[in-house]
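You will see two complexes here that share chain A, one where it goes with chain B and one where it goes with chain C.
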Partner chain A sequence: MATTTATVGITSADLTPGMSLGISATTTLYQTGTTTGLELVDIGAGKLTQASGADALHEALGTADTTNWVYICNNSTNVEQYMKIGIHETIIGNLGSGEWLWMPWNMGDGDAEINIEAEASGEIPYEYAIFKSTYTLPAKT
Partner chain B sequence: MATTNASINIRSNITSNPITISKTMTMKKFQSSIGLEETSGLRFKKFAAVTETVVIEQDEFTSTKGCKVYMRNTGTNPAEFFYVAKHASAAASDTDGETIGKLYAGDWMLIPYLADVNITVAPSTTNNMTLEYMVFAE
Partner chain C sequence: MATLTPTLSLTSTDITSDLLSFSVTDSLSVTAPHIGLAKTSVSTTGANNIIQPATDGQTYYVYVKHTGTSDGSTVVTTTLNIELTGDVVIGKLAAGEFMWMPVGGHSLGVQLQASSGTIIAEYAYFTKA
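What follows is the complex of A and B.
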């Protein structure tokens, strides 16, 4: 059985005056509702341009309503460049330069693809990893 | 200007070559190098019903484009989870909004949040469950 862990640390000495902030948490990624580790992963990197509009980073081709995890990092160093991160028609948020996200994704239905879109001019380099409970490869053309 | 840093470390042996991802970011205002300066504070909310509940309201924040949301299911039962949605309801699949995903026991998330719609959670059980969460805003 594969083991995948994700650890977060959030710190700030001055966000809340007089009180330093320190959050730390670790989780092990399991298949839906079990204690069996996830065994499927897609990892990659790419470059995104504004002209390409919104693109599907990953289609919801696994079993609906399952446990899946998404990591995306905007590797741009230009503060004007950000990525819109969405699930189908809903924009979750804007990922600024140098920022990353870690998000559960239940593939609620077949339309619940993860999509990304670049804003501001130039190329945005990004990287991603998607850990999945199940997945069906797209049919050949 | 406040400085808030967040790090992630992912380790996995799914592939024959071990996967290690390690990143640190400073949470910044939208299209800016200035750090986020507002926060909801760290909140803990207990649940004992499966009713959908708004935990983050969009109008809490005046600047909507650079927010971040941290959430964690503090539970230990691997069968119990929270649905997290960007909508007034939370379920397996929504037609009007979007269910993001499920936070099982110990799971955490840190996502950017375009504060145009509320964030809602729905526990999977009537057993006592606790959600830990925090919003970072401009």
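What follows is the complex of A and C.
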């Protein structure tokens, strides 16, 4: 089994007067339960344009309640450019230039694709990683 | 206005034959309101566990961790739902797992819901300046 470790740190020296902030957490990426690690991963990068509308970063996995993790980073340096992040029809939030997210993606039924959409003109470079419990390649057409 | 530095590291020696080891960081300008780090007992009614309020169009950075206990010491393995207000499930955390993501650009907040019983969750949110 593969062992993949995710660690987050969130720090601030000036959020609260007289008290710095230091949040830290580490977890191993498991399939359901705590014995088998996630074995499948897609890591890539692309460019997104407003003209393309909302694009599926990954199609739905077809099985709900599986454990999957998504990392996305907006690599644009233009502060006017952001990416809308959603699951099917639900908009979760906006990822600004330079920002990244780390989120669980368990709603892998037929209507739960991860989608991304560029706002503001020009190309938005992005990178992503998706760690998956299961995946079946689409059939040829 | 304050500066927040979130960092994510992903490592694995065996998920592929090529070593996975990368780290990403950012510098965010944030303002009030914010919750630096809090702990709450989450029940099975999401509407009773709203951790981030909704302000139309505002973006928040949200951190949530499932502590793996029901009362600070009793181990639980039930999942913790991450939901937008209105009971819209966007993800689930197992014991020990965490998430960090921007939420907003709409009028919905964030709420937590235990799949059964109670779960102690840690959370923080910060308002994008």
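Note that the second predicted complex is superposed on the first by the 138 of 141 C-alpha atoms of A that agree within 3 Å, B and C clash if a C-alpha of one lies under 4 Å from a C-alpha of the other, contacts with A are read in each partner's own complex, and residues count from 1 in each chain.
Quick note on the criterion: a contact is a pair of C-beta atoms (placed from the backbone, for glycine too) under 8 Å apart; a residue touches a chain by one contact, two chains touch by 3 or more.
Predicted model only: the values in this text are computed from it and were never measured.
Aligning the shared chain A places chain B and chain C in steric conflict. Touch criterion not met for A:51: it reaches neither chain B nor chain C.
When both complexes are overlaid on chain A, the residue A:139 reaches neither chain B nor chain C.
By the touch criterion defined above, A:12 reaches both chain B and chain C.
Shared-chain residue A:79: touches chain B; no touch with chain C. In the superposition on chain A, contact of A:27 is made with both chain B and chain C.
Of the two partner chains placed around the shared chain by superposition, chain B is the only one that A:88 touches, whereas chain C remains out of contact. Residue by residue along chain A, chain B and chain C are tallied for touches, and B comes out ahead.
Residues 2-16, 21, 23, 25, 27-28, 30, 32, 34, 37-39, 41, 43, 65, 67, 71, 73, 85, 87, 90-96, 98-106, 129, 131 of chain A touch chain B in one complex and chain C in the other. Of all residues in chain A, only 2-16, 21, 23, 25, 27-28, 30, 32, 34, 37-39, 41, 43, 65, 67, 71, 73, 84-85, 87, 90-96, 98-107, 129, 131 touch chain C in the complex they form.
Within the complex formed with chain B, the chain A residues making contact are 2-16, 21, 23, 25-30, 32-35, 37-41, 43, 64-65, 67-69, 71, 73, 79-80, 82, 85, 87-96, 98-106, 108-109, 112, 120, 129, 131.
Residue ranges on chain B touching chain A, taken from their complex, read 2-15, 19, 21, 23, 25-28, 30-33, 36-37, 39, 41-42, 65-68, 70, 72, 78-79, 81, 83-84, 86-87, 92-94, 97-104, 106-114, 116-117, 134, 136.
Across the complex, chain C meets chain A through its residues 2-16, 20, 24, 26-28, 30, 34, 36-37, 59-60, 63, 65, 82, 84, 88-106, 124, 126, 128.
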